[in-house]
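Next come two complexes, and both contain subunit A; in the first it sits with subunit B, in the second with subunit C.
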Partner chain A sequence: MISVGKIKQYANVLEKPVSRGRQEVSLSAFAFLFSELVQYNQTQVDNIAELERRLEDAGYAVGARVLELLCHREKGNRRETRLLGILPFVHSTVWKVLFGKAADSLEKGTEHEDEYMISEKELLVNRFISIPKDMGAFNCGAFVAGIVKGVLDNAGFPAVVTAHFVPMEGQQRPRTTILIKFAEELSNKIYRLSQKTFDFSSFVPEPVV
Partner chain B sequence: MIMCVAVVGHQNNPLYLQSFTEADDALKLHHIVHCSLDVVDERVNNPKKSGPTLNETFLGMLYPTENYKVYGYLTNTKVKFLMVTTDLDVKDADVRSFFRRFHAAYVDAVSNPFHVPGKKITSNAFAERVSGIVKSFGPVTTG
Partner chain C sequence: MAAIYSLFIINKSGGLIFYKDYGSAGRMDTNDSLRLASLWHSMHAISQQLSPTTGCAGIELLQAHTFDLHCFQSLTGTKFFVVCEPGTLHMEALLKVIYELYTDYVLKNPFYEMEMPIRCELFDLNLSQEQKPNP
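After this line comes the complex of A and B, so read on.
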């Protein structure tokens, strides 16, 4: 979990409590590492699409491992077979483990059947990043999109996941939305089965501005 | 006595296969593991009873042959763990706890950044942990 934690300094190392610790990584360490990751990839590619794809691939590897870890740690012996089960799992559990809090909202897209959006006022990875004008619509949230894609793919729900900026009135910085579009073959299998138990009362639907 | 354990990926490709008996008929064990994969697929695609057991990871005894029993466990990423044992009176709880520890060792092995998903698990630490888990498998003694 990444957070802005202050490490308490002990005068004597023998006084440190022998506990599991808070299991947090310092935000600045992660910010430095992530900025280096982006810079390294920037020197290797020629265009924006390629840079986004590289960040996504990096996130994919993280997502695959996070899924294994979380399923063992949190879920006990339950597997997720329903699409409507895996989405809240990503939205709350995965986000809590990675960023310390659940994502801001999870919405169902209105135009297509199999589109979902996870929105966040400001992605943690984008906190210290400002995109130069000439990079257009590039979003370093592609890394987080890759994480989500890794989780969904390995759980058996292939999807195309992208990150977008959505400008909001009244706020200076645009909101970030992770758009999840599930693959065609899913609409026949599990998705249809889960339609009968469709229940959105657990998350608050917000109209997308 | 556990004869062998196997980890099979989600495309039924073998990721790890380890036998623990000296008089090993390695080919026969491979064959048994391979046949059990069919049983796993059948269990997953046609759930016997819908309800609380629909999403279980622990699949239970897959099938008994003349002197072995095969147990299966399915993770969320469709990776299967199979365990072949020669014990006749092994308890359900023992097998479950065995698979739980095995799953923990597997998660640690996969979290290795140098591990390529889909390739065989080559970590020595994983092999040692699995041997440790297998050695300590057995009926839980009371008292």
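After this line comes the complex of A and C, so read on.
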């Protein structure tokens, strides 16, 4: 007997489950789409800084949505509120879902207190792209920097995120580093939340009138 | 071991977009390589008309005393041809690999303009890695 599977029709699109969907997307299809995104933005701007900003803005939109989706799917509707939690979240979970594997490394900057770096041997978006010499230090990884910025901003950790090429000795292709510099107002929050216990004696309660 | 003398890639209008030579035997200057490319483009087109059989796709192999010329034409009209020592094997496969590298590192590069000369670092890099096993 042949049983015919019936697809359950949902009356309201909001009632549809947020399914995992297809896990794999064609790399070539994505590469062509991304290439077209870069080309389109190139026609709209006059200089490289503008182009980087546009790619970052495109990534920001992705990052905002990815945060919401992953908090629901992977973390059971719990969002990281600690700095030391959100960084590994970006480095592993977000990267795994977007690029298929965790980023190569997550490092803390040595010069400044609130700088962190995610490094990757070669970003997936840059895999087929050769930057012409006259574009200088432009990096299409600005799109990925935008994604990270979107995730961090919407999680409550405003930051300036940029993508840089870091030449490595012995390697022909430079590594890519996503540099995350957290905003000033966070430095107090970072310090306070990184302490293991709260020292309530340091709080001076405001008098309630 | 048999070796490759040079590699040419020509666009659908016959203009040379990529030229690489691998030995002193095949070396020629820019103007000559441009002339050769358009010459080959015309010959390829004429051979399609001359062929006694219908549905001919053009010259695939030209054999001479001192060299062989293998040509591969993609569906879009871009031609890849390689000049090599007589009797070199596996040139067809090599041309297919080069075509794959072209589709990957040239066509997916947002900074490459169609039909223009190829100036893609990654394409050169991967091409030379492909050539390393060949002496």
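Please note the rule applied: the second predicted complex is superposed on the first by the 169 of 209 C-alpha atoms of A that agree within 3 Å, B and C clash if a C-alpha of one lies under 4 Å from a C-alpha of the other, contacts with A are read in each partner's own complex, and residues count from 1 in each chain.
Here is the rule we go by: a contact is a pair of C-beta atoms (placed from the backbone, for glycine too) under 8 Å apart; a residue touches a chain by one contact, two chains touch by 3 or more.
Quantities reported herein were computed from a predicted structural model and do not represent experimental measurements.
Three-chain overlay on subunit A, with subunit B and subunit C fitting side by side and no clash. Judged by the touch definition given at the top, the superposed model places A:Arg65 against subunit B, while subunit C stays out of reach.
In the superposition on chain A, A:Gly156 makes contact with subunit B only, not with subunit C.
Of the two partner chains placed by superposition, only subunit C is touched by A:Ala31; subunit B is not.
Of the two partner chains placed by the overlay, only subunit C lies in contact with A:Ile129; subunit B stays clear of it.
When both complexes are overlaid on chain A, the residue A:His164 reaches neither subunit B nor subunit C. Contacts of A:Lys181 after superposition on the shared chain: neither subunit B nor subunit C is touched. Of the two partner chains, subunit C is the only one touched by A:Gln39; subunit B is not. By the document's definition of touching, neither partner reaches A:Lys96: not subunit B, not subunit C.
Superposition on the common chain A brings subunit B within a closest Cα-Cα distance of 23 Å of subunit C.
The touching residues of subunit A, counted against subunit B in their complex, run 61, 64-65, 67-69, 71-72, 75, 77-81, 154-156. Partner subunit A is touched in their complex by these residues of subunit B: 10, 54-58, 74-78, 96, 103-104, 106-107, 110-111, 113, 117. On subunit C, the positions that touch subunit A within their shared complex are 104-105, 107-111, 119-123, 125. Partner subunit C is touched in their complex by these residues of subunit A: 28, 31-32, 34-39, 42, 128-132, 135, 140, 172-173.
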